[in-house]
Structures are given as structure tokens and as C-alpha cells.
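So, here's a batch of structures to check.
Both complexes shown next keep chain A, but they swap its partner, so chain B is in the first and chain C is in the second.
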Partner chain A sequence: MLDTAPAVGAAPDRRSSGPARPRRRPRPGPYLLIAPTLLVIATLMFWPMVQIAIMSFQKVGNRQLAGEPAEQVGTENFSTILSDDLFWQSLRHTVLFAVVAVSLTLLLGTLVGLLLHRLGRRMSAFVAAGVMVAWATPPITAAIIFYWLFGSTGGVVNWFLDLLPDVLVGGDWIDHNWFATPLRTYTVLTVCVVWQSFPFVAVSVLAGLKSLPGELLEAARVDGASAWRSFWQITFPLLRPIFLVLLVLSIIWDFKVFTQLFIMSGMANRDAFNLSLYAYSEAFGGMNAKLGMGSAIATVLTLLLLAVTAVYVRIMVRQGETS
Partner chain B sequence: MNGRTVRRYGLNALGLAVFAVAVFPVAWMISTAFKPNEEIFSTTPRPLPAEPTLEHFDYVLGNGIAEVSFWTYLRNSALLALATVLVSGLLAVLAATAVARFRFRFRTTFLIMLLVVQMVPLEALVIPLFLDLKQLGMINSLAGLAVVYIGFALPFSIWMLRGFVAAVPRELEEAAAIDGAGPVRTFLRVLLPLIAPGLVATSIFSFITAWNEFIFAFTFLDDQDKYTLPVMMQYFFGNASNEWGPIMAASTLLTLPVIAFFLIVQRRMVSGLTTGAVKG
Partner chain C sequence: MRFIKIAATAAAIALAATACGGDEGNDEAGAAAPAKLNVWMMGEGTPEQTAFLDGVETEFRKKHPNTDVVIKYVPWPQVATTFQKAIAGGEGPDVTEIGNTDVQSHIEQGNLADISDNFAKWADGASLNKTALANDQGDGKTYAVPWYGGVRGVWYRTDWFSELGITPPKTWAELTAAAKKIQDEKKVPGIGAPSDQTNAIMSFIWGNGGDVAVKEGDKWVGKLDQPQVKEAIDFYAGLVTTEKVAPEKYIGKNELQGPQQDFALGKLGMYIDGSWALKEMKKVSEKNADKWSVFPIPTKTGGNAPVMAGGSDLAVWKNTKAKDVAFDYITVLNNKTNAQKWADYSGFSSMFTDVKFTDPKLEAFTAIAANTKMAPLSTGWADFEQTKKVIPNTVKGVMQGKPSADELKKANEQANTLLNP
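Presenting the complex of A and B:
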């Protein structure tokens, strides 16, 4: 799915066209208009979420796929995964990857946003268009391209690292296999995901910067404040709401990364699983489908993400985005 | 040169460096797609093909992948995207109008629901939805997949469109009503033309959502001739390892339409993100 949840939604002009004052008699109009949407979301989102919860307490395998009723197993699925080292390793990978990727994405995105703000208008538009290309690349091709860039035959990254002086990066890069260990795979995954997600941060930060009153920063400069200081004293506090939303969204997106890892590492490589790949592989990976086990892992993932989502919703409500 | 000029050159150089890093992987994909095999696996890779060739595109478009023509995959992806755009666009216009024009009970609840639903991990929903569609006999069918994609594209479409509806002055609709136009006519003749740009933007996002989606298509589709472009890519990548020329040619064909669409909407999106960012 395209990662485009609204960091900052388009704001309606409230004076001229806010929602009408409540009418005396309730009218069916708005309910009829949202009815189809409710139906779609209920069947495709809410009901499946309930199903995951139910199935996480069941055994759902090939027999059930053939039509037999599901078998209740209580909390067996959960006790199995909680005592499985693979679960804890996948959880560790998920969290560590999110911490590293989110930090790098926010850092790089903010720096590029600040840069775009200071460039001339034409140059800024040109660089922004280039940055958009990274954002627009579909996850599946991004993963394949990075696999190729970091490949050991003909890969341009190894060639480049080998050209650099050995003092800096060490030697022997030409045959380096970037997908030999989980740590290496996750390094490439991080580069790939950060490359794809920093543009969203950069563009949002730029949008925020443009909305700031120029006089404040001007005054700070006249008073001799350094760029570092005026960022932390003026820009950052004013853009705090944007940074909060960007932080939460980045955590959510990086927590459930799937397609890129699936391409770079795959279902056979259990050592490099994260939670979403682990859940998918339990459910669909083996000869025997274990949809109940997969659901139990998916439940854990969903609960973790819902906790982060709660923070996001609170920020959006406070900013008046739902009014 | 004085200090300011030096600084401006420095910033511009930095800007070009950022541009280069952002564009490099995609540029390398395109360049590889046009290189003959000797150049692809050369020990000293060059940025541009010395002797550009169309052989990899010929291979992908002519032979197809796994005995199925490339155009079949393209058609599957395009049909799915089109269905997603049309249906989710229609439903989104209705719901966005409700949210932007009426104040009703549960309106805030509805908006919060839209936010929450966008954050639900689809990677988790794939398990129950697979079972549900299997029971309905809609597995291995593009129609079943289209239904799922409509659900995924809808929340964001509504969220984006409501700003456009709210920006249309209410007086225009009132004037039309005074002139004797009914609600349907007012909607078609007044509101719809004014929110058309917003509809274009949301359509492009729905299109990209459906076009890029991998995990559901990969799980639901069994027959090779039903595969969408991303599933075909995964298959091709897995089965033709090291045939980087054709793989990059196919990737290019999959990627370029998305980038083109993205660049069309980018300005609108940036301005949509700007307004109301800091409300104090």
C-alpha cells in the first residue's frame, strides 16, 4: 500500500464553509452518504480484525481450509509462540529495525527539508521533484533494485566500496555477500526503506517551514543566533506537531515492513524474520497452513500498532483535524 | 566571490547531491535495462550504457514471462487499478460530502475510524481475508482482489477529498438551490466540477495503491495469467536470478507510470500538506 496517510490534512476554510449548525430534526442524508463506506470498512477491515482475534485461539489448518470446523485450542497458539525463540528474535528485529530506520528517516528528511527551504525557488522545485522519484518507486521494484545495487556479481555498491581507500572502509569488497547474515540483510533493508521514506518527511517539514512567520527567524539571525540554535529554539518548537505526527507515522510504517524484506530475504530465511514476515510464513509458508498460529502473531503485531495509532489519533484530534 | 555567493553555491551543490542520491537507484535501473549483458556484468560499471540496446525490452515484451505475455500482466494490473479508482472514488465523494457538509451524530467517530483504519496492518488482515474470499469462491479472481483494494483505498480518499469539498463556498450551492436546482443537479453541476481537481488527485492515489500492492495479490492469485505486475516481478526475480537486464527492463515498465503520475500530483499534494499544518 502506498504510504500516504495525512501528516497534516488539507484544512477547510472554516469561516465560509464549515459544517452546518445542527438541525432540529435528524435527517437521513449524511447517514445514507456514509452507509456504503461503513459497509465496505466493516466487512473488509473490522470483521477481519475480529476474525484474527477469534482465530488466534483456534487451530486453522489444511483440514479447516477444506471445510471442517475450526478447533478451539484456548491460549495454546500464544503459549507456543511466546516460548519460541523465533518469535522473540522476530520481535527484536522488528523493534531494532524500526528504531534505526525511523531515526535515520527523520534525521535525513528534516535536513533535506531545511535544505529545500533555503534553496532558490527553481532549484528547490528541481530537487523536490528528484526526491519525489524515490518516494514514488513501488516497494517491490525498490527492493529488487537495491538487491541488484548490493549484489555480489555486477553490484555497483561493492565496486564503489572497493574503489574507496582501504583505510576508510577496509578491502575485499568485490565478493562481499550483503545477504549472508540477518545484520547485513537488515543493513540493505534500512538503506532501501530510508531512501523511500525520507522524501515524505522532507516535503512535510518543508511545508511546515513555509508556514512559519519569516520575521521570527529573521530576528534571530539579526540577534546573531546560529543556525543550530535558531532551529532548536524557534523552528522545532513551532513545528512540534508536525514532527510528532511524522514520528508516529514512521514508526507505524517501519514496524510492519513486509514486501521489501520478503524480496530481499524471503520465507526460507527464518533467521531474518520480522513479525509480519513471521506471521505470514506461519500462516502460508509451510505445506501445512497454520492460519491460527499466524493469526496469533498478527494479533500481537496489530495490538502493538494500535497502541501507536492511539497516540496518532490523539494528536490529530488535538490539532482539530477531526472537527 | 563574496561569502554569500560561496554559500549559495555550496547549498546548490548540496541540493544537487541530494537529487543525485534520490534519483540514482531508479536511474541505475533504467540504465541497466538498456545495457547489453557484457556491460551489465562488467567489472567497471559505467553510469550510462556505451552501446544502448533494446534487447531486454524485446525479450520481456516479446517472450513474456513464464509463457504469459507481459501485456496480460499489464492488463490485469490496469483493470484492477481502474476498478479501484472508479468505485472508491464514487464512495469517497459521497462520504466526503457527508463529512464536509453535514454535522451529524457520530461524525467525529466516523473521522477517527478513518484514521485508525489507515493504520491497521494489512499484513495481518491478509490471513482472515484469504479465508473469507476462499469461502466465497473469490480466491484466484481479480474481482475478489478489486473488492479488497477498494477497501484499502477508500479511507485515505475520503480523508483527502473532504478538504476539497469543504473548500467550495456553500453560497454557490445555495444560489443553485434558489435558482430551482434539486440536490442531484446541484451536486452534478456545481459541486462536482469544483472538486474535480481533488478527485483527480485522489484517483491517482487509489491507482497507485492498487498498482503497487503486492502481498494480497501474491497470496490470492494462483494462475499465472491472473498475476498482476508486482506478482509477476516477484516471480521473475525469483526464477531468473542474475538476468538483470530483463528484470530491470520489466521493473522500468512497472515503475515509470507510477513516477509519472506521482510527479503530476506532487504540487497539489505538497500544498494539501501545507495548509493548516501549524494552527497554533
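Presenting the complex of A and C:
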């Protein structure tokens, strides 16, 4: 959640890089107003962040939680992680999953957003309410439902695939194990995560579309532009800031997917770990907590996300300057 | 992020603890009779369990009329973090149930009170299972007492066995043959061999004279690279890969994620599970319940393989202000009458050697329990078994066609690191 701050904060940058406005002297009023919020955020978020940074260079277990001083271990936590094959495998899974899931989420979300814009008032409200249910479903519930759907005992998906003609999908689906290999597990995970996250994109895109001046699209239609062309030439450029924010948010969300994967495959399927599960298994899973190690992984994950965010903030600022 | 949340929670709890620590300090001077006894039970809790514990409380209050017993259920997946918070915040229970694989970690971390003296005075203590009790001791002191345990056997269908002329297998070869016969004749998979079932797989390793690790001097030395272990893993994984009498659909899963339901529904020939499974399977389907029975997991050459005793123990938390009262609660909860009631309700064996199941179907488990073995008594075992799930992940790899020698070599390296924390 914290990581979204730069992305959101960047939006005004874009606007301010437009025509120069006369500079005013800073007034204390606004700062006083946000001070309480800042204080809360600093205590509850920045301070733990600092602690995590400190702990990533220490050996911290249950004894240290109870008050014993922690031992400084230098960069040992980091070198252990970086020399672990499982870390690199988990990183690969995390990145690949994010690429696929984010693309699908944005694609599906945009399409549904456009659909909602086209639909009549009642139908639009009905469909919007329908997709919002998916968004409102808690991740644990969604994960359990998808685990059942794709289960090998009484799973609806296997039953349905088995009913389809073998020419289309092949036979022997009834005992298909959807969680036997990483590729299969991530297929289910992608479906589950995309299903849950596209409504947010759809509704945000819809909000953007509603704010567009109708004349532009009308003019394009009069000039005989196809729907495809008017989307890419008019709608997309105008909504670019929204798409960028959605992109960064989706990357951040999909990078740290934990709950769904934990429920669907869990600790017994190390070959399907992503970074969050790897961190959990290294740091928290048992009675011998290794919080220093967990902090080190968290730091790596945070740095990765900050890097992603930084790249996009940069692109956004650049685009603001050129447009 | 998750880590921030945990850190924040820990910080918040620490703050809360320091804030309210002041007023509680001195009121209950002396251990005589606290107003409240906090008891933590692991698991979700059921109405039957609550009713059972209410009965225990009534009995306990005959002795300590002014002490209110407050039960808190801690679901198993949250156990580790809940104890971590208790340690960090200093707000622990008075009495707690502890999974037996975690007891050594708790002793090492100094979370449990030394109850050696109370235990010595407790007459019933003498008839507790000695292997299980050893797991509750460290440096000659007693920190917990065994409560209940469970051993696993192979569930099978008596009607299918008699129809096909199979007798309960005594060797691995007979087990494979039985599974094959059921598969051919009944058109259901012969046996369930899920990869995420450490305790069952341990029986195959032990049944072939192998072990995970052996203590040599101060150190645990991994033995997973030994030929006996390789043979056992090859056999277990081979049920899926070479013999094809166990389905692929249980790869990466545990016995509750398919095998139990399939067996109860008559869609699986045999599977390995404990006495407590009877209750769960009846919830799935009562139809064939009278035809279910159990035989011990066989060894390679013949005989009952040693089984890992899973289960729970009862301990007094170190920060309790009323150690003696807390121990009194344990002696009521686990007196022989209540132990009998609990065994019959839960389907777990009592850890008293002279308390047996009332249900004759579960009798086989009493015989199986005669040959139990403890996992390495290392503080790292909990990590090895539950967090890293080393054996399940190894077996999964082998089931997917990776060479068992390589996988076991890697597993052995993990055993060497994890078991010597």
C-alpha cells in the first residue's frame, strides 16, 4: 500500500509541468492540516519500514522478540538469499506472473469498461454491480472457491472439460491435477487474480470515459473513423494518466500476491513459490522465526517494486513534458 | 505489505503490553487462586469440544471455585504467529495445548514453565506413554505432558478385500499387488499416495531401516542420502510413477485434499490416515462406513512399520502467575475419565497406556500405536516438517520424474542445516 504513494503523488507533477504558473510563497496552513495524517503514516508505516531495514542486517528470532538484543550479521541475510536457487526461481515466477496477469487485467478491464460505457443506464448499473461483486470478494474466499472449482474431487472445471468433445480439449480431464506443476498452478492463479482485479480497472476506465468530452468522439465518428481508430487516437491518449496509474497499481498488487497462492498450493509445493511465499517460508512459517531473513527478502521485494514504480513515474513525467 | 503488518502488529502489541502491564502487576500476589485462568486450545473448536471443556471447567471449579476458566481457540494455521505475539507482548496463556512437533522449540526458547515438581506428584503421570513424554523433557526437566496422539494406518474396504481374495498386506510387494488388483477389478485407483504426507512417508523410511537424521555428538547428521531411504522414497513415489496404482491427482496435496473424500465415496481403494479420519469420512458419506477397516503400514520385508506419533501436549506458559493452579487444570482436563471421553469424541488416542477407544473399529490403532517412533528431537524439526516441508517437496520432485538420488541429496543438506539451528 505504501508503495502506491509515489505513483499517486506523481499525477500532479504532470499537470504542474504544463504552462508555468506564478509561484506563491508556501503557506503553513495545508501542511498543518496534513500533519496528523503524516504522523500516523510515519508511525505505522515508515517506522516499521525503518525497522525492517535495520532487521535485515540482524539475526532476529523469537528470543529477540522477547527482548534479547539482536546479533548483527552484516549482509549475511542478503547473501544467503541471493545464493539460493529457490529465490531466483521464485523471482522468475513473480515477474512472469505479474507480466501475464497485469496484461490480462488491463485488457479485460478496459474492454469491460468500454462495454459499460456503451450499455444503457440500467444494464450498465447491473453489469457494474455484477463485476464489483468479484472485486469485493475477499481473496481467501476467492482462493477457496477457485481451489474447489479446479479440484480433482468433484471439481466443476474438470467435470465440464470432460463433457466437452475430446476433439476440442482432449480427454481424461476428470482426474486432472491442476496443481501438480507450476505452469498449471499459475494458470489457475492467473484466472483467479484477474477475475478479482479487472473490475477495478473497468470501473476506473468507465469513470475516465464519462469525463471525456463527447464532441471529440462524435467528430471522429462523423469523419468516419472506426471504433478501433478512435480508441487509439482519442480515448487512449486522453486517458493515458489513468492507464498509467492502473498499470502501476496492478503491477504492485500482482507482484505481492500471497493469499491465493498460499491457499491453492501452499508450502508443500516449493516449485511453485513466488517471492511472497518464499519470504513466508523462510521467515515466518514455523516456531523458529527468522525475522531478519524475512526482512531482507521484504527489503529486496520493496526495492524491486520501487524500481518498477520509479520507471513508470519517470515515463509519466516525460510524457507530461512532451504532450 | 505482510511484513509491515506483522511488524506493526508486533509493535502495537508491545505498546499495549507496556501500557497495561502496570496495573496488573501486583493484584494477584501469591499463586493461590487467580480470578481467571487463560487456556489456549489449538484448532477451530467445535460445539462438542466446547461442551467437553465446560464439563472439565465444572470439575476444576470444585477445587478452585473462584477461578474462571477462559478458553481461546487458536486455529492451527495461526499457531506460530499467535505464540510469537504472546512472546513479544508478554501476554501469553496460563495453560496451553501445543502440537508435539513444536514442544522442543518452545522448551529451547524458554517459553514453558518447568513443571517437574508438579509432574512428580501427579499419580496418573506414571501411566503416560514414555516415548511421547520424552518429547516434553529437556535437560532432565519436564515442561509439558502428553495429552492425545494419533497414529496412522492404511484404511481399506473389507468387502472389496474379501471379494477379491486379498488379505491385509504385510510387505510392500503385497501392498502394490493389492492396489493393482483393486484397480483392475473395481476400476478405481488402488491406493492414494499424496506427496504432502510427511508422517506416512516416514513410516516407509523407518520401515526400511532408514531415518531422517541421527544425533552424533551434539549434532544431527542427515541420513536421507542413505540407500534405505532412497529405496523407500522410490517405492512410495513409484506407486504413482512406475506401478501406476496411485493416481497423479494427489501430487502436491495432502491426505485431506482428495484421498479422504475419495475413499469415503468409494472412489479409492486404500489410503493412509489416522483414527480421527473415521469421524470426518462419515461426514462425507455414511454409506459404506461399516466396511471400512484399517491395517498397519507394512515394512518392505514384512511386519508393522514404525509410525510417527502426531498429537498434542499440555503445558504451563512461563509467564503464568499461578503455576500450581494451571497444573491442576491439566490434571483435571487429562484425568482418566476425561481422557476416555476425549478419545471417544475426537478419535485421537489418549496418551495414557491404559485408556482405550470404546469403538471396536478403532482397535487396530491401539496395536499400531505400540510401535511408535519420534521424529528427531531437534528444535529445527518443526521447520523441517511444517515450514520447509522438505520430505513432501522431495517426494513431489521424484514423482515428477526427477532422479531420487539428487533430490534426496538436496533434502539431506537441508536436514543438516535445519535440524541444527
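Keep this in mind: the second predicted complex is superposed on the first by the 260 of 323 C-alpha atoms of A that agree within 3 Å, B and C clash if a C-alpha of one lies under 4 Å from a C-alpha of the other, contacts with A are read in each partner's own complex, and residues count from 1 in each chain.
Keep in mind that, in the parts below, a contact is a pair of C-beta atoms (placed from the backbone, for glycine too) under 8 Å apart; a residue touches a chain by one contact, two chains touch by 3 or more.
Because the structure is a prediction, the values reported are computed rather than measured.
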(message) Let me test your reading of the model: by the given contact rule, A:Ser90 touches which partner, first (chain B), second (chain C), both or neither?
(response) neither
(message) Is A:Asn288 touching anything from chain B or chain C once the two structures are fitted on A? First, second, both or neither.
(response) second
(message) Between chain C and chain B, which one touches more residues of chain A when both complexes sit on the common chain A?
(response) B
(message) Quick check on the superposed pair: does A:Asn177 touch chain B, chain C, both, or neither? Answer first, second, both or neither.
(response) second
(message) Taking the superposition on A as described, I'd like to know which of chain B and chain C A:Phe258 touches: first, second, both or neither.
(response) both
(message) Just checking: does A:Pro241 make contact with chain B only, chain C only, both, or neither of them? Give me first, second, both or neither.
(response) first
(message) Looking at A:Leu33 after the superposition, I want to know if it touches chain B, chain C, both of them or none. Which is it: first, second, both, neither?
(response) first
(request) Applying the touch criterion given at the start, work out whether A:Ser250 contacts chain B, chain C, both or neither, answering first, second, both or neither. (result) neither
(request) Identify the partner contact of A:Thr190: answer first if only chain B is touched, second if only chain C is, both if each is, neither if none is. (result) neither
(message) Taking the superposition on A as described, I'd like to know which of chain B and chain C A:Asn269 touches: first, second, both or neither.
(response) second
(message) Per the definitions at the top, what is the overlap between the chain A residues touching chain B and those touching chain C?
(response) 1-2, 44-45, 47-49, 51-52, 65, 151, 153-154, 256, 258, 276, 279-280, 283-284, 294-295, 298, 301-302
(message) Under the stated contact criterion, what part of chain C meets chain A in this complex?
(response) 1-4, 6-8, 10-11, 80-81, 83-84, 87-88, 90, 102, 105-106, 109-111, 195-196, 247-254, 257-258, 261-262, 265, 267, 379-380, 382-383, 386-389, 392-393, 396-397, 400, 421
(message) Quick check: in the complex, which residue numbers of chain A touch chain B?
(response) 1-2, 4-13, 16-22, 26-27, 29-31, 33-34, 36-38, 40-41, 43-45, 47-49, 51-52, 55, 60, 65, 112, 115-116, 118-120, 123-124, 126-142, 144-149, 151, 153-154, 156, 159, 195, 199, 203-204, 206-208, 210-212, 238-239, 241-242, 252, 255-256, 258-259, 262-263, 276, 279-280, 283-284, 291, 294-295, 298-299, 301-302, 305-306, 308-309, 312-313, 316-317, 319-323
(request) Under the touch definition given earlier, write down the residues of chain B that touch chain A in their complex. (result) 8, 11-12, 14-16, 18-23, 25-26, 28-29, 32, 40-45, 91-92, 94-95, 97-105, 107-108, 110-113, 115-132, 134, 147-148, 150-152, 154-156, 158-160, 162-164, 166-171, 205, 208-209, 211-215, 219, 230, 233-234, 237, 242, 244, 247-248, 251, 254-255, 258-259, 261-263, 266, 269-270, 272-279
(message) Under the definition above, what is the set of chain A residues touching chain C in their complex?
(response) 1-2, 44-45, 47-49, 51-52, 61-63, 65-66, 151-154, 175-177, 179-181, 256, 258, 265, 267-271, 276, 279-281, 283-289, 294-295, 298, 301-302
